[in-house]
Amino acid sequence: MNSIKSRALELLSDGTVKRVIGWEKGEGEADWSPALFETAEEMNSFVYGDYAGSNLSKYCLKFNLAEGKTLVVLKPCDTLSFNQLLHEHRLNREKFYIIGAGCKGMKDENGRLLKCNACKGKDFEVYDEIIDDEESRKPLNVFDRMIGVAELEKMTAEERYEFWRGELSRCIRCNACRNVCPACTCVKCVFDNPASGVQSKAPVTDFEENMFHIIRAFHVAGRCTDCGECSRVCPQNIPLHLLNRKFIKDMNELYGDHQAGVGTEERTPLTSYTKEDAEPSVVHERGNA
Amino acid sequence: MRQFPESKVLDIIQSIPCPVYAPVEDGSMVVYGRYEDGMTLRLDKIATDKTPKDILFPQWENLMHFRMEGKTIELTEEKRMEEDYVIFGVRGCDIQAFKVLDKVFLSDPIDTYYAARREHGTIVALACTSMKDTCFCKNFSVDPSQPDADVVLWLIGDDYYCEAYTDKGRALMEKWDTREAEDGPVEWIKGEIDKKYESLPFAHLNLTGFDGEHLMEKFNSPKWKKLSMACLGCGSCTFACPTCQCYDIRDYDSGNGIQRYRCWDSCMYSDFTLMAHGTNRPTQLERYRQRFMHKLVYFPSNNDGMYSCVGCGRCIEKCPMNLNIVKVIKALGEDAK
Amino acid sequence: MQKIGVFVCWCGSNIAGTVDVEAVAEALKSVPGVVYSVSYQYMCSAAGQKLITDAINEYKLDGIVVASCSPRMHENTFRKTAEAAGLNPYMVEIANIREQCSWIHKDKEEGTKKAIVLAKAAVAKLKNDKPLKAGTSQVTKRALVIGGGIAGIQTALDVADAGYEVDIVEQRPTIGGRMAQLDKTFPTLDCSACILTPKMVEASQNEKINIISYAKVEKVSGFVGSFKATIRKKARFVDETKCTGCSLCMQKCPSKKGKDEFNMNMNNRPAIYIPFAQAIPNVAVIDPEQCIKLKTGKCGLCEKVCAAGAINYKMEDELIEREYGAIVVATGFKPIDPSPLNEYGYAENADVVTSLELERLMNAAGPTKGTLLRPSDGKHPHEIVFIQCVGSRCDENTERGKPYCSKICCMYTAKHAMLIRDKYPDTNVHVFYIDVRTPGKNFDEFYRRAVEQYGVDYIKGMVGKVAKEGDKLMVRGSDLINNQQVEIAADLVVLATAIEPDPSARSIGTMLTASMDTNDFFTEAHAKLRPVESPTAGIFLSGVAQGPKDVPETVAQASAAASKVIGLLAKDHLVTNPCVAESNELMCNGCSQCEKVCPYGAITYIEKEVRGPGVREVRRIAQVNPAVCQGCGACTVACPSGAMDLKGFSNKQIMAEVDQICL
Amino acid sequence: MSVTNPNWKPKIVAFCCNWCSYAGADLAGSGRMSYPADVKIIRVPCSCRVNPMFILRAFERGADGVIICGCHPGDCHYTSGNYYARRRLTMLFSMLDYLGIERGRTRVEWVSAAEGAKFSKTMNEFVETITNLGENRKLGDIRCKKS
């Protein structure tokens, strides 16, 4: 979509925005990186298209305090993350010019991205203008995103244990999942903080692997938009989204449907309650043991 | 020169009387693991997902243990490696990486944990008869056709050709069931490897100017800002890198005693070498610059021109945002001017 | 390294009986940081406290652990001891080795081991303690009394006597409560109204007392010393300042179908009414459910006859917001509805009445003008059966009634029996009972008089069935003493129904965050030592709201609560709890998660330049108002970065305890 | 699967809120309503103070079971603390279950200050459950196992 590029260039040139966050193409077909463009000349290498899979919302944090406005190109699902960051007062809406970019489903060298198979639709939650086309408005063929979680739930506890040990034991604690996550925006993560008492730098034991991933999932529970970046970036191919989706599934079932990043309600399922909520024992009473 | 059929490689490995570490499958990945019956050997894998660095310098290892008994302290040092072992099927780039690690850990003061492992290991290398587009090892004085190891293997047709170059290597190979071979095929395949390398996209990068002389020029380049923007500050590249050798030493207090261990650290992390006053690399730009300046400028200027990149291409594959050292070399190198 | 002292209490044999206290003291000596460890018979005694004071001075201790009874018992005692010795009072930790160890374990070895673990955990926590300094907050010198029965009236009078303003909020149109409905009181048989109404008048005339009747407390926020209450004063449709209480309107009102609540709904009253002659305020009220004018817009008779011009059909509820330093809960009780206990046939038979209904049937201002007539046909009853413990002392698992003893029924039944036998000697009175409980001054003498002088027939046993046969009620029960079934053909059956907290108590408890027991009685801060205080600071308990009691006990408790209120209001400032949340601005994201879960609105956000190692930028950060924060800790878990922590129960302190316990 | 150590005794951490459950535990004590010494209580102001990290920490350090006790829903001394705790702990327990950790190692029970008997009964039950489940192998840190 060349029009995104020309529109961004226009806004950069007329001074509406000071900089643009978009994508730049490298050597190979699928070698696209998020990139910063500050001059019209730099904009020559701006691209948008099939390999623009990364969620640029998180980069906005870097420019929240920067001088002037920042233009950011967001796909429909990325706007959920951006909006969630607005809910959490982590971003100043006034500092950003959002081009909502139409999306036909993104891919990498191995084909359609896993996260796009669970596309949450083509609506933009927050934007200044939308640039899309007929094709990108068509809904994607998706499957029920909770299938993976449901399959695990059907297993026995022992099978689940073996499954997750197999997956999590590969974790090298590179922190890619955390660092890419638009919900993980702590200025100091508890796992990096020597004063927190739970700081850890390497998954030395099974426990440390479990601890990191359980707590990370818990900390983003209710705030995670299910953008799928964690699984996409994991160099060890751990299906981390299955942890976050478990919380999403549980919260939807127990506390009513909630999609983080939608609307203006700032409360999440974990910062609200009803007097009739299920007791924690519900967890132990349902399904397979 | 000796040779044995490719189909016999498992027999050879199983005949080795000490632990053998080799590229094996672990789920969807290939890592250097201790070979056991039933594992899937993947000698064909170029740039394994985890590097053989893990064997010499594991992601974490215990150094010592303290124990308080009442108000007295008892200290036990962790044992150094005492058992011989073999690393099998290592590629030239990863062997070059061992040399980089040696520069760090075997120069004074010697790291005795590392030294013991290095001493007890025998390295069986495998020449790269196939390559990936991400390979660029020759830029860093690596010869993929003739790795510098105790034993080198070449896969030619259905046979492995092998040659021992050290006493350790000869002692190991002595027990293998091999037969005499001609030198000719190996010489031929070396030529083929060279030719194949020439066709790679990053075969020849211009490294002119990546030296101590141009340190400040590189350091002050305005390009770092754009280069580093997309960096998430995760440690994927450092953990996938065969030469990254930074570590942290930490204590784990179990209540029954304190385990002092070291684990990999990453210059990409915001809490890397954190000091009382904070950090001297406050943003990702400085951290990103540090990693590449170290590999391409600081390390060679302190180590007779030896780069601490070996061109294995893993960072190209692993970076979630498609950043890598090649982009840095191209952006900051002479060609970009 | 800190210098820590450990003090292990024997509590006589309470702890020393099942815990080898000397072994505990000895074991703690080897804990790094502990420089002194000792055991003593009674650590809370003057001598025990001196032992602590001396050790603090001699060993220059930085903190102390007292292994003793529950911190709920003596934490404050030992904090004061420490403070007197110059130690920060928050450098004190209690290891609960009595309630949670010696009292529940029989095996001495096991008890000793556990006590050592608990003491070590306390040391581990103490090592992470920081000296805390309590702040101060203002005290609003006004009390709120919720409920205008005898309990509320007495509390209000006493507080007002000490010179403080009191507001009484009463849900009914008049104060007086249940006591106003009683005919006579035991064991003196004096007229209830004769002793209550002067108090009511006194309250209404006391200029420090402001009676807000026909009103309810709708919302309470704040904390001890500065509560803010919103009170909804329901529309009476009669101007309180104008109405003279002449009752002419009552006579003229054409709608006479309202049930007279004061007479237990046994007769009707007009739509505009004054509950009873001595009501305070003596002001009419219109029942909007019954008033023809309010329902149809036609009528307006009362307005026409009212010389004072007090009627106002357009009156609306009024919301009053006021600040209080203390709140007294005097919400009282109601008798349970015995209908579900169908063996007594209460729902089907008009002549099965409750004791409170009987009070009204015997009262001169009651529906029968004081002549005892049975409700069904207005005939005089000659055989009366009283049934005790209806809905009291029930098996907790059957849910048929209350597990507790309602305490007053034995005595009022004796009173009723005696009064009936005295006034109507031709009437036979039988009482079925489980036990007769008479623990009170002159109570047993009173009961014996009923049996011996008045010939009341007490039958030990329960009633199985009350069934109507003709115009008689056949009461079948067992006589356990004579070991036989008995059947009495009664004209009237009186049920001594259990009493339960007023239905408004539950919502008031929630509003005040004052804890309640499973029966909705308010819980006292300590069953023995703090019987008139709620565990929630600034909330006091008066009367049956706390548990069943008779009039003198209620009055005694009401005065006790008043003295506690006076003690509080006499202070200009209160020392606030320093164990409150605190946000570390270097780690705070300003993400607002903490604010969402704070029940007190204690967290606000500011844009602030944050300066720390390598950091200097303007950020949105959370700030906790320490005077408003109550220290629940909800925010600390909502905070993902751990920037929000709770002083006195910090992450590090709790994790140190966990570590030690799991060792 | 695991060899049962005959000397094994369960380690149980009970987080009790100061206002209801801790007082309930005290009442169990005053009433001499016994429960096994394997239960050790940690006093917290409110069940909402219990960070999932504390629970994991306990398992890390060798606890075999963790129980959290608070005021009955509706009775929280701080009005809403236990409502938040209820959701948080439901989520945590669900996640532990999802990771294949045995159900029953975690429990929440609402115990009022008046329910000494319930406290004692709950602890007896919980100790029995944990004893039947045996040692916590799945969620411990091997470094904390006593050699």
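The letters A, B, C and D name the chains in turn, as written, and every chain counts its residues from 1.
By our rule, contacts are C-beta pairs under 8 Å (C-beta built on N, C-alpha and C of every residue); 3 or more make two chains touch, one makes a residue touch a chain.
On a predicted model such as this, the values are computed, not experimentally measured, just so you know.
Trainee: If you tally the C-beta contacts for A-C and for B-C, which one comes out higher?
Mentor: More C-beta contacts join the chains of A-C.
Trainee: Closest chain to the protein CA centroid?
Mentor: The most central chain, going by mean C-alpha position, is D.
Trainee: Once you find the CA centre of chain A and the CA centre of chain C, what distance in Å lies between them?
Mentor: Result: the chain centres lie 51 Å from each other.
Trainee: List the centre-to-centre spacing of chain B and chain C in whole Å, with centres computed as mean CA coordinates.
Mentor: Chain centres of chain B and chain C, defined by C-alpha means, are spaced 72 Å apart.
Trainee: If you average the CA atoms of chain A and of chain D, how far apart do the two points sit, in angstrom?
Mentor: Comparing mean C-alpha positions, chain D is 34 Å from chain A.
Trainee: Let me have the rounded angstrom distance from the C-alpha centre of chain C over to the C-alpha centre of chain D, please.
Mentor: 30
Trainee: Can you list the residues of chain C that touch 2 or more other chains?
Mentor: Residue numbers touching two or more other chains: 597, 638, 651, 655, 659, 662-663.
Trainee: Provide the list of chain A residues touching at least two other chains, using ranges where the numbers run on.
Mentor: Expected reply: 190, 197, 204, 270-271.
Trainee: If I count partner chains per residue in chain B, which residues reach a count of at least 2?
Mentor: 252, 255-256
Trainee: Which of the residues in chain A come into contact with chain C in the complex?
Mentor: Residues 65, 87-90, 185-190, 193, 195-197, 219-220, 266-268, 270-272.
Trainee: Residues of chain B touching chain C in their complex?
Mentor: 68, 70-71, 255-256, 275-280, 282
Trainee: Under the definition above, what is the set of chain C residues touching chain D in their complex?
Mentor: For chain C paired with chain D, touching residues are 70-73, 96, 98-101, 103-107, 110-111, 113-114, 117-118, 121, 509-510, 513, 515-518, 523, 535-536, 579, 597, 599-600, 630-634, 636-638, 646, 649, 651, 654-655, 657-659, 661-663.
Trainee: Which residues of chain C touch chain B in their complex?
Mentor: 30, 32, 612-615, 659-660, 662-663
Trainee: Would you pull the chain A residues touching chain D in the complex into a rising list?
Mentor: It comes out as residues 149, 152-153, 157-164, 190, 197-198, 204-208, 210-211, 214-215, 217-218, 221, 243, 246-247, 250-251, 254-255, 269-271, 273-275, 277-284, 289.
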